[in-house]
Every structure is written in structure tokens, then in C-alpha cells.
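Structure first, then comments.
Labels run A, B, C and D following the written order; every chain starts at residue 1.
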Amino acid sequence: MKIQSNSEYCLGCGLCRIYCAAAHDGYNGSVIRAFKKGTPQARAGLIEHQQQSWINTCRHCQDAPCINACITGALQKNNEGIVFIDGQRCVGCLTCVMVCPFGHIQPSLDFSRAVKCDLCRDLAEAPVCVSHCPNGALRLIEEV
Amino acid sequence: MLRREGDIRIPSGCAIAAIMNRKGERFNGQQILASIAAMHQRSNGLGGGFAAYGIYPEYRDYFALHIFYDDDGARQICERYLQHHFRIKHQEPVPVRQSRRIAGAPLIWRYFARPREDKFYREHIGEEEFVARVVMTINADLRGAFVASSGKNMAAFKGVGYPEDIGEYYRIEEYQAYIWTAHGRFPTNTPGWWGGAHPFTLLDWSVVHNGEISSYSTNRRFLEMYGYKISLQTDTEVIAYAFDFLMRRQGLCLNDVVDVVASPFWSQLEEEKQARLRRKYSGLLLNGPFSIIVATNNGLVALNDRIKLRPLVAALQDEFLYVASEEAAIRVVAQRLDRVWSPGGGEPIVGLLHDKKGLLDVAPSAIQAAQSA
Amino acid sequence: MMAVFDAVEYNHHTLLEAMNQSPDEEIEVLNLNGQRYLGCGWKNHKSLILHGTVGNNLGAFCEGPTILLYGNGQEGVGNTMSAGEIIVHGRVGDIAGYSMRGGSLYIRDDAGYRLGIHMKAYQDKSPLIVVGGRSGAFLGEYMAGGTIIILGLNDPGFSPIGPYCGTGMYAGEIWLRGEVPSNHVADNIKAEVFQEKARLEVIMPHLQRFAACFGYDMSIILDKPFTRLTVVDKRIFSRLYTGFAG
Amino acid sequence: MSLSMLTPAFTVERNQDRCIGCGVCVKQCGNSVHHKDEDGFMWVIDKNCVGCHRCAVLCPTQALAIKEFPAALRPNSYWSTSSLREIYAQAETGGVLLTGMGNPRPFRSYFDHLLLNASQVTNPSIDPLREPMELGTYLGSQVSSLGEREKPLLKLDMPIMFSAMSYGAVSLNVQKSLARAAREKGTFWNTGEGGLHSDLQEYAASTIVQVASGRFGVNPDYLNQAAAVEIKIGQGAKPGIGGHLPGEKVSADVARTRMIPAWSDAISPAPHHDVYSIEDLAQLIETLKVATNFEKPISVKVAAVHNISAIASGMVRAGADIVAIDGFRGATGAAPMRIRDNIGIPIEIAIAQVDQRMRDEGIRDQASLVAAGGIRNSADVVKILALGADAVYIGTAALIALGCHLCHTCFTGRCNWGIATTEAQLSKRLNPELGAVRAANLLQAWEHEIKEMMGGMGINAVDSLRGNRLMLKGIGLEQHELDLLGITAAGY
């Protein structure tokens, strides 16, 4: 599974990143609380180039270099194919940040750990970036 | 002040019945009287009536005009109008039997007449169209006069009261007919006007009807486009005109008329012709609950709306065809029946005289469908 | 193969039907008088040879056919035509070439009012009208592309165009043989008089085609200077409006 | 002129307790209302705001409120604020006031003075969820006798079509959305006068193509691939005047579809120059019938004007198979404001009068009647059908379903909702996949509601609703208005 971005309909508004940031780090999607009280960090990037824009987020690679490189086994793939970080095990060595060929994994703002897209695996619904895209430019697709 | 039928639309509920001898052998009105009386609870004493076919053999070539008058003045005005348009062979008051239970009866006269040729030739119309126009003009424009029936060798006997009392009043047991239809009415208010009772007629057509047609205004405005003057504001009137329009003026066969007034749903259409009929005459789809018996001088058709919101039962015994709102109304006059059945929505029951098939041009499939139903 | 129809033997609709159903590439129709919609909506390369006075909308909405008319046309000749050629050995009525998008229209004699109104060019298509005689008023009104040439060959004493020529025009060219009264030409039009033949290069093929169609000698056509009318400001109404959200 | 006396129409209030400075508003506003400095300071230019609500809708914290600008002029019930603003604008520019969408003035809406009937006791109401309920409608002429070949008809699964809105006036994504929704719901969309884009040819069977005075994109293929051809004589928002698509909106793609050069103005003359009279209309109708081999119904669309019943009668006699009438609430991408707000009559009265006139003349079967201009909801549809229309066109309602917030500035071409624009960056804001779903949802919702209302009346086919004026009663109307509508007052 991964997020597919259709640049034909991506407006570059950035709402995907805002809702992404609010969905994680304990604010359960409340944008105001996340941004006014916390230090929100989006798990996806937005690339804009010549009036085109698209989301840059984890591809959840089949043979993921980040999993192979992780020194503590914090990076794992679940049975749905989602590549995620087990926060208990991550020691913040940031090896994964260096090996990701797409530059998707980021250090947390305090550099204590790595953060990445986990396709909102804790939520019952679609990832928040998909459900909040105002123009249907993002889709969750099965293939890798 | 209470407004009279025609000034206001009065929905009603009803009972209907018909008895027909398919050989054309005549019988008196006692059976139909018993049949409609058996459904006393379906009416409320504010309307009853009968249509009888074959009752005037001595005047079979004359239009039998039965006319209600509010008073003698109205009669004189109307008779001058009739003299102007018809040559009248014979005229007389319709014989009645006075009864405590019948009040407020109008003057009721009958005329056996033929149109003056110079009149309808001048307008380049046929005899029947001429009579239809005269009847509609009297009903719409001559205050105090109302044509209760205008066909040949037939008449409508109707008024305010329970149908059994109306039958007694008109002495219908003294008439011999091969088709009898009857109606008991339950109108929703009480102006009590004799013209508003059923059957409603035009030329040889008579209609008795149970139910209210929700498409009334659509049907009415469609017919008005073709010159029909709708004076009564009752569903029954537009049904009679619809049959007259489709069969006499448009030349459709009965089968096709049924496909117009009780058209199958689009999803149930079996042939393109039905779709064509529905598109062309969509304004005559009778929508809403009804069971009707439409009679003419060579037969009758009984029909339910297409989703069958009203009851209707038919029965056959030898040459007799019985139709009624309730089976009990048939059993009361014929204990032994060859066959009893309830037709589905939009399935006509057709009864035709054996020797007069040509007149009411029914497609053979309709007869088969009715007989095998 | 050529099919020949005698219009007298048909009514209006049966003639159109017979012509439409004819498989022949060339169709000749005799004794026409007022039959409308001939060649209307045709999308083909058939040839139509017509004799008589044809009814309105000859070749309307057509795309491709060649129509040769020996006689006069009425209103709407070549109305909204997209491609093809109509050659009229006679005169035509009003609004010939209305909204024409392509193809050409050669008229030997006069044309009526509003000739070539709302003509427009599109991609490789550029409609053309050549009139041997004069045209009525409002020539090239709303014109948005293409070429109209008026030769004024039949009435040497009169102006080849009526008043209000080129009103609301915003593209295309109108060429007139001779010089024209300035009060006949709309405000927004620039008139240039070309004496030298070299300047006529762009319209020369059209003039030659006209001469060949109707048997004119080129020297007669070229015995006067030509005036070219073009638009000064393509957006004359751009300041007419003021936006207001109401 | 240096000083503008116009105060802003709207003011944008930003709730700082809610604003997170994300800048979505800045990116979404095509009118440069919202700004964000490098240091994160956010500020607005109120006078640029048209009240389209794009920013407020997309703001993730609902921090934005768009309000009427509070600098109220001295109250004056005759010289309203808008009267003054209009004069200031004209004094500054010398221009004709140009505006968009439909007439917003507080004229009486007859729809709002009509009440529907329902069955009680004397006949049963019908439950549309469980019993059959037919909304299928055929549009066209029904005069051919049963022995002849039937005239061409349009089959609608429900009596609602999408109004003509041309590519150029609206974005291609609007047309894609409506075309898909129309095909899915068994109805039709209308190209408007701007031609049929190549991407939309797959929807040709659900398409009514227009022939207007500009004849844009009209050629034999255009006419023959459509389900029906509509001659556009007039439009409810601007009866009697033509159209003018400014060159800025004529992008290469629009130009290709209209078959004109790019970036040139696209002018639709006020009249069709081959229709100066009713017999000319007959000629154009027949020309189009000949050009389409008598296989397409020909519709003629006119604006509802004072003598509409005589005009409609003439149109029917001229051979129109469908008469489409656009009431004075009909919308437009651009119209002179004085024209839009002062010309024409309500569609309710026009339909009532035309339907009755056609019946009086015995020609109601010769053509179908389509009502357009201000149909806001399913009850309006039911009411106009009961007054006599066979079907309706919806335009404004369809655009609102796609996101239009009725800011009335379509003429700028900078529609923030991606609707009335041909700019690629703006039109991409309407994803036609989502648009098609929204438009189809609207049709589906109205379809259910119409069935509910018909079921309540005890009617199970739209055939029996058409012209069924007994199902309508007037409330708060004068006798002459009731007479014009051919109905009686509530309680009568």
C-alpha cells in the first residue's frame, strides 16, 4: 500500500501536511491543538515544480532499505505491507534517514528519533491526508 | 353556501357492479338492484345510479336524451334549444315511483330524437360528434338543465340516495336490458346534486367508477385541448371522455385504450407499441386508485388501476358476465358460478355481445386475456 | 457516374431525400425554383450542379462538397459552411457566408446585405468570398477572419459596398476593387489603397480562380487599384465594461 | 483617477486564536486577498475579496470569517448601498456594469407561494421506496400518428437536465463533471454555444449541442453526434443581447473547441443573423433537421419575455420539437447588470401561460416544454412540472453542487472554485471525478424527493404530474396572479 498523488488535481494547498501533522504525536487530528500547543511535524512533504505539485511520502518499499539498515529492529513491516517505526525501539541513530533513497524519513524536531509515514495505521479510516484532500488528488493504492 | 358538484371537486368512494348477458338477451333490473344493494355499506346515501342497455328497442335508431331540470323554466329553455338542434320523435317525463327516502328530485324528462341534418352537415361533423357537442354545451352552459344520458337504446337512471332506493324510484325492474351497470356513491361532502351521481355518460358510453384519480387535472387539461367541456369536475366524467376520445375520435382498439389509461410500467412493457401509446397519450394515463366499468351498447370493460388499489371481482356463468366491487354482490344474484376471479392491475375484463364484435373493435388478444385470466 | 434529377418531378422533401441517397459523386438537378437546403449538412466531396433559382440555405452547415449553381441563390448561401466550394453563376441574397469557417464562395454578380457576417478563420481554414458585382450594407460585420473580395465589375458607376462595412470586425481582410467612400467604412477599419499588382499577391490566386470560373479577362479585373480593409484595434470593446459583483 | 470612493464589499476576519499560519488561504485566493510575509505575519486586502468563501471553506481551523464590510452607509430605503456602489464604480470607469450569475433582486418568487397537495383518505399515498415510481420522460413531438414513423425523441430517466454552459464560460472540468453525471443518471447535459471538446465526445449520446448566433464549433460532425440540437435564441439572464467571451478566456483549448483563433474575442451576435423573423426560425429548424437527416429532435431555447406565449406558439408552429424557456432568474457567466436585473419574467408564470396557450391552441402535443432559470430544489421541479413543463434545466444549482458560492464574479475568469475559468491552475481545482459524483448525488437526491412528493400525491408516474395544476395551491397571491398561474388559492 502507498499513497498515490495525482498532480493533475493536486492544488498544492498543503492541507495534507497539516492534517498529517495533527494526526500524529498525540493530538488525534485536532489541528488547532496540535499547532497551538505542540510542535507538529508532517510525515509527508509537498513538492512544487513549475505550477505542478505533488505529495512526497513513503513508498513502503517491498525490500525496504530502511528496515535492512535499522540497527535496533525499530523499523518493521506489518502484514499489510506498511513500513513503520516502533517508537519504543528507535534510538535516534538516524541511519534510516540516510539510507532512504527518496529522502522520505525525517529526524524528529529534537533529533531524538526518526519519523515517517505509517499510513495512519492506527486509524480505522483512510490516511488523513487522503480523507482531507479537498480535490481527490490523493489515493491509497494497493500496489507497491 | 355549499357549492354544487361542478363548482367544486368532490372525491368519493364507491361500489360498482355490472351484469351482462353476452347473447344480448334482455332481463329486468331486479338482479342488478339486488347486487348493488348487497354492498350498501360502501355508499352513504348521497348517490346511486344504473345504466341499462337495450331498453328502448322501439326507438333504437334515436338518441335517447334523459335530462334533469331544476324547474319548469329550465325545461322550457332547454326544450327550445333541443327543438333547434333535433327532430324529436317522442318526449315524456321519465316514470318514477315516489318514495319517502328520495327527496329533492329534479324534473326528469326523456326525448327520443335525431339531429337535424342541416345542422351537423353545416359543421362538417358526424351525427355523434354533433350530439356530443350539444350535450356538453347544455351541461356547461344551460343552468338548471343537465343531460343524464344521450346514447341510443340506453339510459342512465341516477340520483341522490342509496342505489336501491334510486332503483326503486326509477322503477328499474320494469325495464329489460342486456347490460346493467350500477353504482353506489360515498362522496366526501353533502351538496346532494343528482347530476353528480354515477353513471356518467356521453353518447353510448357510461362509466361507473370507484376511487379517485390523482391525475385528474392532467387528464382534464389533456381532454380540454381536444374540445371537451369538463363541467362536473368528477373523475368519472374525464374517464368517459377519455374512452370517447380514444375510441371514437382516435380510433384505437380497446386493447390499446387499456394500455393508455392503465399503461404498464416502463419496465414491464412488452412491445414497442405500448411504449408508443404511452408516450403519445401520456396525459390520459389514469393515475391513482380506480376500478371502473365502462359500458357501451355492445359490451363492457371493467378495469383496475395499474397497481390495483381498488377491489374488483368478475364471474362467469353460462352467458352471464358479472362484475362487482365485492364477490358477495355477485353471489347474491348467482349462487352457482362457472368461474370467479379477480383481475390484476391494468388487466381488463372485457365482455362483448356475441353478435356485435365489430362495433367495439377489440384486439383478439384482449378477449383471450380476459377469458383465460 | 452522374445522377440527373428533374426538380419538377419531386416535391421538396423527396428531392432532398433522393439527392441524399444517390450514391453518385456528381449530381445534377434541373429546373430548380425555390428548393431549400440543397447540399445542407453534407460532409463529403460530391459535386452538385444546379440549374435554376435555388431556395434558402444552399449548402448550409456543409463540409466539403462542390456546388456549381447556374442561376441565382436566395438567402443564406453557404451559411455556417466549414469546407467546400460554391460557385454561383448569378446573384445571391442576404447573409451569404454567415459564420463561414472555411471553403470558398464565388459569386458572379451581386450579393445582398450582411455578406460574410461573422466569418472566422480556424487553424488551417480561412474562408473566402469573392463577389463579381457589389455587396449590400454591413459587409463583413463581426468578421473574425478570412478574406472577402468585392470586385464591383457590373456597376462601374457605384460603390462596390454599402454603408457600415466592417462594423464590429476584429480580424480578417476585406479587399475592394477601386477606392471606396470613407463614410461606408466603420471607424475601426484601416483602408489602404494598393496601386501595384505586386501588393495583390495574396489575393491573386482567388482573382484568377474567379476569372476562370466566370470567363473574365484578368486585365479587366486588374484595371483599377485595390483597397484593403483591415482592423485597427482588435479589442475595441475591451474598455466598455466595468466588472461589478452584484 | 486616484481616489476610489468604493469601500470594500467584504471584510475578512481572521481569528488569531485559531489561525495556525499555515498559508492555505494565501495559496487558495486567486484574488490576492491573503498575504503572508516572510516573518509569518499574515494580512489581508479586503477590497479584493469577492466573497467566494474558498479560503474559509479550506481553512483547517475555521479561523476565517467573511463578513459584509461594516462601513454601513447612511440607511436609505431608496438609495440602497448597492445603488451608491454602482454609481461610484461607473463614475470611476465609465463602463457598463458587468456581472455574473443570476438576478439576485428581491422580486417575488412564485415557487415560494405555491403549496403542493398530498393524499389523505380518499386516495392512498404511495411509498416510493417500495412501490414503482416512474420519472421517465420523453421529450419531443408526439404528433405522428400511430401508423407513421415516430418523430425523434429524447429519453430522460428523470425530468432534470443540465443547462447549457459553454466551455469558455465554464471550465472543461465542469463540463466533464456534468457529462459524466448526466450519462450515469440517464439524462442530458448541454454544451452551450462553445462547441464540443474532443475529451467529451465519449459522452455524445448524453449531449445536447447548441447552435447559437456565433455558430462556434458547429459543423456536420458536431450536429450529428449529439442526442439533440438546440438553437439558442435567448438566455434568461440576458434576453435580447448577445454574448462576448473576452479574448483572455479564449485559451488554445477553448479556441480549438470553438473553432476560432486563440486569444481572440468570441462574439455571439444578439440575433442569429439568419433568423430575423419567425419564418426564418422555421427555416433554421428545418435546415438543422435536414443536416441531421431528421434523426434529432430540435430544441429552441428562448428567454421568458413579456409575450412569451405567442412566441412559444410560433416556435412550435415553426417546427421546434422542444421549447426551452429560460426565466429571468437564469444565470450567466457575464451579462450587463441592468439587462440581467430588469428584463424578462418569472419562469413560473411563463410556463403556466405557455402551457395553457399551447393547450388552447391544441398544439401541446407538438412539442415538449422545458423550464429553466432559477430551479433551486426538487420542490421547484415538482411545481413547475405541475404548472405544465415536461422537464427542467438546472444550471446554477448544478454549479453550486460543484462548489460555486454565488460570488457573481464569473466574468473575471478567476473563479477560485475552478468553475468559471479557463486558467489551468484554477480549473484543476475541480476534479471531475469528484464533480461528477457531486452532480450525480444532487440528481439522485432530487429524484428521491420528487418521488416522495409524487407518492404523497398518489401519483406513480411523472406523466400524471405534468400539468396537474390541481396539485398546486397559491398562498399569499393576488387573484390575478392565481389566474395567471391557472391555480386556486390554498383552502379553496
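Here is the rule we go by: contacts are C-beta pairs under 8 Å (C-beta built on N, C-alpha and C of every residue); 3 or more make two chains touch, one makes a residue touch a chain.
All of these numbers come straight from a predicted model, not from anything done at the bench.
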Hey, which chain ends up farthest from chain B, C-alpha centres compared?
A
Which of the chain pairs holds the record for C-beta pairs in contact?
C-D
How big is the gap, in whole Å, between where the Cα atoms of chain B centre and where those of chain D centre?
48
In whole angstrom, the CA-centroid distance of chain A from chain C equals 66
Distance between chain B and chain C based on Cα centroids, please, to the nearest Å.
68
In angstrom, rounded to a whole number, how far apart do the mean CA points of chain A and chain D lie?
43
Residues in chain A with touches to at least two other chains are numbered none
Draw the chains as dots and join the ones that touch; what shape do you get: line, ring, star, complete or other?
star
Would you mind giving me the full set of chain pairs in touch?
A-D, B-D, C-D
Residues on chain D engaged by chain C in the complex (per definition of touch):
9, 50-51, 82, 85-86, 89-90, 92-100, 104, 213-215, 218-221, 223-224, 244, 246-247, 256, 259-261, 264-265, 267, 269, 273-274, 283, 286-288, 290-293, 336-337, 341, 407-409, 411-412
Going by the contact rule set out above, which residues of chain A touch chain D in the complex?
8-9, 11-15, 18-19, 22, 31-32, 35-36, 51, 132, 134-137
In the complex, the residues of chain D that touch chain B are 119, 122-124, 126, 131-132, 134, 136, 138, 142, 146, 150, 153, 359-360, 362, 364-365, 457-461, 463-471
Under the definition above, what is the set of chain C residues touching chain D in their complex?
16, 20, 36-37, 40-43, 56-57, 60-63, 75-76, 79-80, 82, 95, 98-99, 101, 114, 117-118, 120-123, 142, 144-145, 168, 170-171, 234-235, 237-246
Contact footprint of chain A on chain D as seen in their complex
17-18, 20, 22-24, 27-28, 58, 60-61, 424-425, 428-431, 433-434
